[in-house]
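Below, chain A partners chain B and then partners chain C, in two separate complexes.
Let's turn to the complex of A and B:
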């Protein structure tokens, strides 16, 4: 990769410290066990975790959801949710065991000695109090300042956390802030009383990559300046390797591996870590391939012909076809203007998508990348014919979508299917998996009950789910399994195009890698074309043939994936690439 | 903000005309002849019937009657009841006592409902929570006249803690028991609403963050849980004020209170159109004002809500 720089060179003061036996650890967690009580049974969440943080050191705890990484961190603060409790083990903070400390003792430590930067900036500030009030509160509670001094100090802290015009901003409410600004506020609160240890629980996972980078850089600088030790909880191995000196990999409540960051990354010992390193999208540099591309393309052409034959057999007429060659979808000068409600009689106009043109070649994957608000999802909705187009046009197989009559639109739905981001939300919780997958078949009156059941079995097989899944309900499945069901449902009608809107963003890295491989295999088998909407360039690298980069509604760069990664022409694209966490770290293997 | 309040007040104008017209029409369509009923069994002397009809404009077509009535209201003349007393006088008698009764009920709901609800929410799943939930369920399930009579008998007559009925002087002390009875059902609702709201807010991310700042538990609860939890409760209390004013008929009957409910009930029975329409119109207005107040209070509690 052209943007790669020697490992660690962008971090001044990077010292690899492996042997710190000479100093007393700030935090020493020994053989920690945490259980939750559920339905009268004890369910273990952490089973013997140990980790050590030295003063001023940054230690990252990496793992997927459910690995116990957040639970361990919350146990350190005495903030286990619900029925959670520490059953055995020690949490030594400055040599003193606080695993079973009382509320009063913990209250004295919280804020003053151990600060917290929580995960989701949207839900972690109280919506009914001003920003200034919430920062001030931390100062007053820990006896740092009070009265007018606290007011002044709050503004200083916000300024220090990188919030411009802080004094005026203290009078604003959280809903008037963007996600990045809120996270800066939370950092200011976490560091308000100058704690010796800062627990940062996925501090940036809810933010756009470029914002993420700014915030992490800032946090890095601040904690180094103040000499604060950081316990960084993250699911992103690349991010951990880039930010921490020491990495602890957790898996199913246990520590799978721990050691100096680069060592863990470049020479992983535990099989789980190995898989994690392989799957990390931010680190991988290659498109997943499972078949010869030309064969895939050929298969796609054949699938298209079959579809045509089917339509003609059904309609008896040939739809007017503009010659679009190998392009299954062609988008021309697409524009979408939303009229915002509120001030003024006519309302404000928002150009969400501004003159966007691209095309998707049959049998290939086109990715649209951009940050939130870039208009990429709006494009997807217009391609899916779910949102009226303001101007421009979308051609599917040479036919203008706006010119479709009711019958043709029904047919279009059959040939282009969506997969959405949230597998928790896109499946009806009251439908069995069988019913969810069968529904599109029933709606389109495909086959009889018996042949439909056979088809559902076949589809489940295609997405590598056991047939027994049919009788189950969405709440009984994991996120990855649900997304497989969503894919099976999308494939039910043998579509030619799948529009995946952030289809893997809500999944853990390993599951994400599995789903991407599955999508890739299906593309090869069935000759599918994908329009892939994502904010994650790592994912793009793994699945896409072509990339469109969108920024504020405009298409800023479009090229093949290799070109974009090797030779980004726009400053914005380069910024996005640089923001991939761990992108600069060379892998040993 | 001013523009918003102005617009809301302006919206009341069509509601006022719609409500009065509707109520007027309904009273007009009631079966029976109220004038003839005034004379009981004996037939009225000839000519008298017509004379009374003309006096009360009952001989004119419906829409003319209505317009004459509205004209009267706009000059603050609510007309005269069949008893010869002006309707305004009836209102002046009935409303103050009912307003006092409603305020007592509202205070009971707010203080005890929110108080118990908060404790139950903080100790969800505990003994207090379970007890309070069962008691509130029982209160909701029992009809108000049962609660009323039982309270009157036990507290008023047997234990003699409070006056069992309301006399001529209508003192606050006399109104206390009926006020509590009137507020009982809503108290149970407020309690449950507060309890659930507190329990939900307690597990909110921002509450955990507040604890992580090093705040004490009482501070976390009062500053970060209670205010957020009160938003839905205030909405309920505000709309309930209107219901308390109009819905006190049963309670007023049991405790012999000459309030809005009793007067309205009598007027409906006797077919006294002007009285019914006047009282209901005022109640509709009270309801609208109460809901406006709630919306304004809502914006105070929740800064995300801004009216423009």
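Let's turn to the complex of A and C:
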């Protein structure tokens, strides 16, 4: 790799370091142990991690939450949070052990030799200072430049990080920036003092895929040009493989497997890596299958008939007004206009959903995919009848939702249930798991106490949780377990349709795969129909039969999943597909 | 477009390494630890509280004060009004550990009997403020909009009147001046504080997805508020209620001291402190003991409030 000498290398801050020895490791972590103290006990977070980064190289550390990947990186920075400390092992940076270096020593290294790009672009910029000030701060703190020179340099750095019109941007405040622009700013700050090593801790996981791709491309080019080594921390195996030369897979505080990216990916040896490669949504290429589609459809029809009978037995007036055939949900010309607050008496109008039409076939999964602000969640809210519709209509089993009276709306609730994104927010923390799952039955006065308990047991069994879970509280369960409880709760009333709003987005890859498989099995067993809202095309491919692509409130493309993936017709869809990290990597057999 | 992988020929670096699988045994994905004891929100808080010295000391003191208030006869056989002018300002002696007041009353007996009206005022005023303030705050926070504006403005009006000033005016026009009257006056001016806190907590909970989930079930707004929003918003209210209980007791003493609190015929710490101020130089003990009892009681409630806040701290609960 030849380093082009960047223009303006005579300016302060441009330190060419080609004279250094490239054959010696820049960072060599050996048998690192980190523990945290909690309730008077030492809890190990990293147990013997080793990794090597050579100058100019990109190494990715991959693992799920709790694997110790971020803790290892923070140990290198000397920024372990709270009670964390390095108990044994070495961190050799340019041959010098910094594992036990003092504050002053670390301070000299941070920024100047080791830069950091943090995860969350929203909270890592101080909202009361201008962008320019915050970049200058990094320059001045590291003694790179000061005064007017720092001002000029800050603008250059921002421009280099890919912000157009950087001069003007330096005077803006973080709230005026989008997530991607903030991340670019953080990259500019991380690289301000031209560190030899840049630690990027999940630098793009809070961003939309298309933005993620732009940012990573830019970071790639920039670090290559400057000869900066990158330690990339990520949960996404596909992304790691695409961006790094070497991969270190961590599992429960230990390194499970490491080696050249492609080799690890195509020929995983450790059972954990094998599992990870199998589960990675960005790498998988097929829908999870468990039963013949026609059988599922049959079951769905039967479930629908049962639901009809149930509802009709309840009040006797529920004749469908339109024959929608196999479509359980039909959305026609749906539009939602929000009036923004605080913009004059009239208020500014925002068209969140603009003339969207689609239908969900019985027993199948329809995915709505789009980036943040595309209006996909608003559509879900309207289908759930939680948000008034501005115009257009939603037909559920032929009945117009807007024309339901109170009683009918209550019955409709039984037939359509939501599953939300945040597994930490969707269960009431003061309710035991038993009460949470039983609540729908109680609200709809189904059965007596005894039969309800039997039903809760049955539901827990369906989502493969032990019966003893009943007595527990949400804060004792992991995200995936909570999501399974949320599914059990949604299934309590034997609905026909589940609306899953980003239902697996907050979960680790393996747990995500597990939940997707569960949803798929349940669909086959119970003949459910899903409306699946997601930003992740990888997930779409795993679970959906049909896809709607939304962009800025409009429906861009709608077709079967296979069609969209094989032959995307719109430029925007193609852009989304291209942005799936690791999508182009061919896996070995 | 990122370059295709093949062009990144790894020169050197990370050796191919595979950990021996048995060194890190693979667990079933996302299995549940079935051995841990179940932990509810309140159960967890209780387990944490149990080990806190702050909590143990303050609750022991509070228990003592409450016992004294309920059954003063257990602690002394002297009546607070068994006064004999022959004993004026006499020092401690057998059976009268703290000596006598100017009117020859037993100080120890008066301190013991003074607990009941104070504690009663504190408890009643706290109940009143939590009930009224909690209801108003929950309604304002949960339903928002015009109801919120209306209720919040009403609360602001009451909030704007200084407690002592308002109490002076109200107490002067009231007839009875019993513990109940004082508690009612304190409630009238104390509820907006609880309402504000309840409103804030409910506003925050209202954003949670389990509230939307409850609506999607078909639950009415009222039942969603009662079953989900309020129980999750209770912790800050409990903390503020505990601390306020102490503050209300202190306020009652202040009012009694000023002569506009409890009727002078009722034995109370505030009244005794007021009566003792004339002899502060000659006989400081007469003022000291009721004042110490008052401070200790108020302090215990404030300490308890602090301990409870630590235990219910939501930050400590996230895993």
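Note that the second predicted complex is superposed on the first by the 565 of 589 C-alpha atoms of A that agree within 3 Å, B and C clash if a C-alpha of one lies under 4 Å from a C-alpha of the other, contacts with A are read in each partner's own complex, and residues count from 1 in each chain.
The rule we apply is simple: contacts are C-beta pairs under 8 Å (C-beta built on N, C-alpha and C of every residue); 3 or more make two chains touch, one makes a residue touch a chain.
In this text, all values refer to a predicted model and were calculated from it rather than measured experimentally.
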{"item": "A:440 touches, of chain B and chain C: first, second, both or neither?", "value": "second"}
{"item": "Chain B versus chain C as contact partner of A:97, first or second or both or neither", "value": "neither"}
{"item": "Touching partner for A:306 - first (chain B), second (chain C), both, neither", "value": "neither"}
{"item": "Touching partner for A:461 - first (chain B), second (chain C), both, neither", "value": "neither"}
{"item": "Contacts of A:241 with chain B and chain C, given as first, second, both or neither", "value": "second"}
{"item": "Chain B versus chain C as contact partner of A:116, first or second or both or neither", "value": "first"}
{"item": "Partner, of chain C and chain B, that touches more residues belonging to chain A", "value": "C"}
{"item": "Which superposed partner A:81 touches (first chain B, second chain C, both, neither)", "value": "first"}
{"item": "Where chain A meets both chain C and chain B, residue numbers", "value": "none"}
{"item": "Parts of chain A lying in touch with chain B, wherever the complex brings them together", "value": "77, 79, 81-82, 103, 107-112, 115-116, 118, 120, 123-130, 137-138, 141-142, 173, 175, 186, 189-190, 192-193, 342-343"}
{"item": "Partner chain C, residues of chain A touching it in the complex", "value": "23, 25, 50-54, 57, 59, 216-217, 220, 241-243, 245-248, 251-252, 254-264, 269-272, 275, 384, 386, 409-410, 413-414, 417-418, 420-422, 424-430, 432, 439-440, 443-444, 465-466, 468-469, 471-473, 475-478, 480-481, 486, 489, 510-511, 514, 578, 584-585"}
{"item": "Of all residues in chain B, those that touch chain A in their complex", "value": "203-217, 219, 223-224, 227-228, 301-304, 308"}
{"item": "Of chain C, residues touching chain A in the complex", "value": "1-2, 4-6, 8, 10-19, 21, 23-24, 26, 29-30, 32, 34, 36, 38-42, 44, 208-210, 212-219, 223, 228, 231-232, 317-319"}
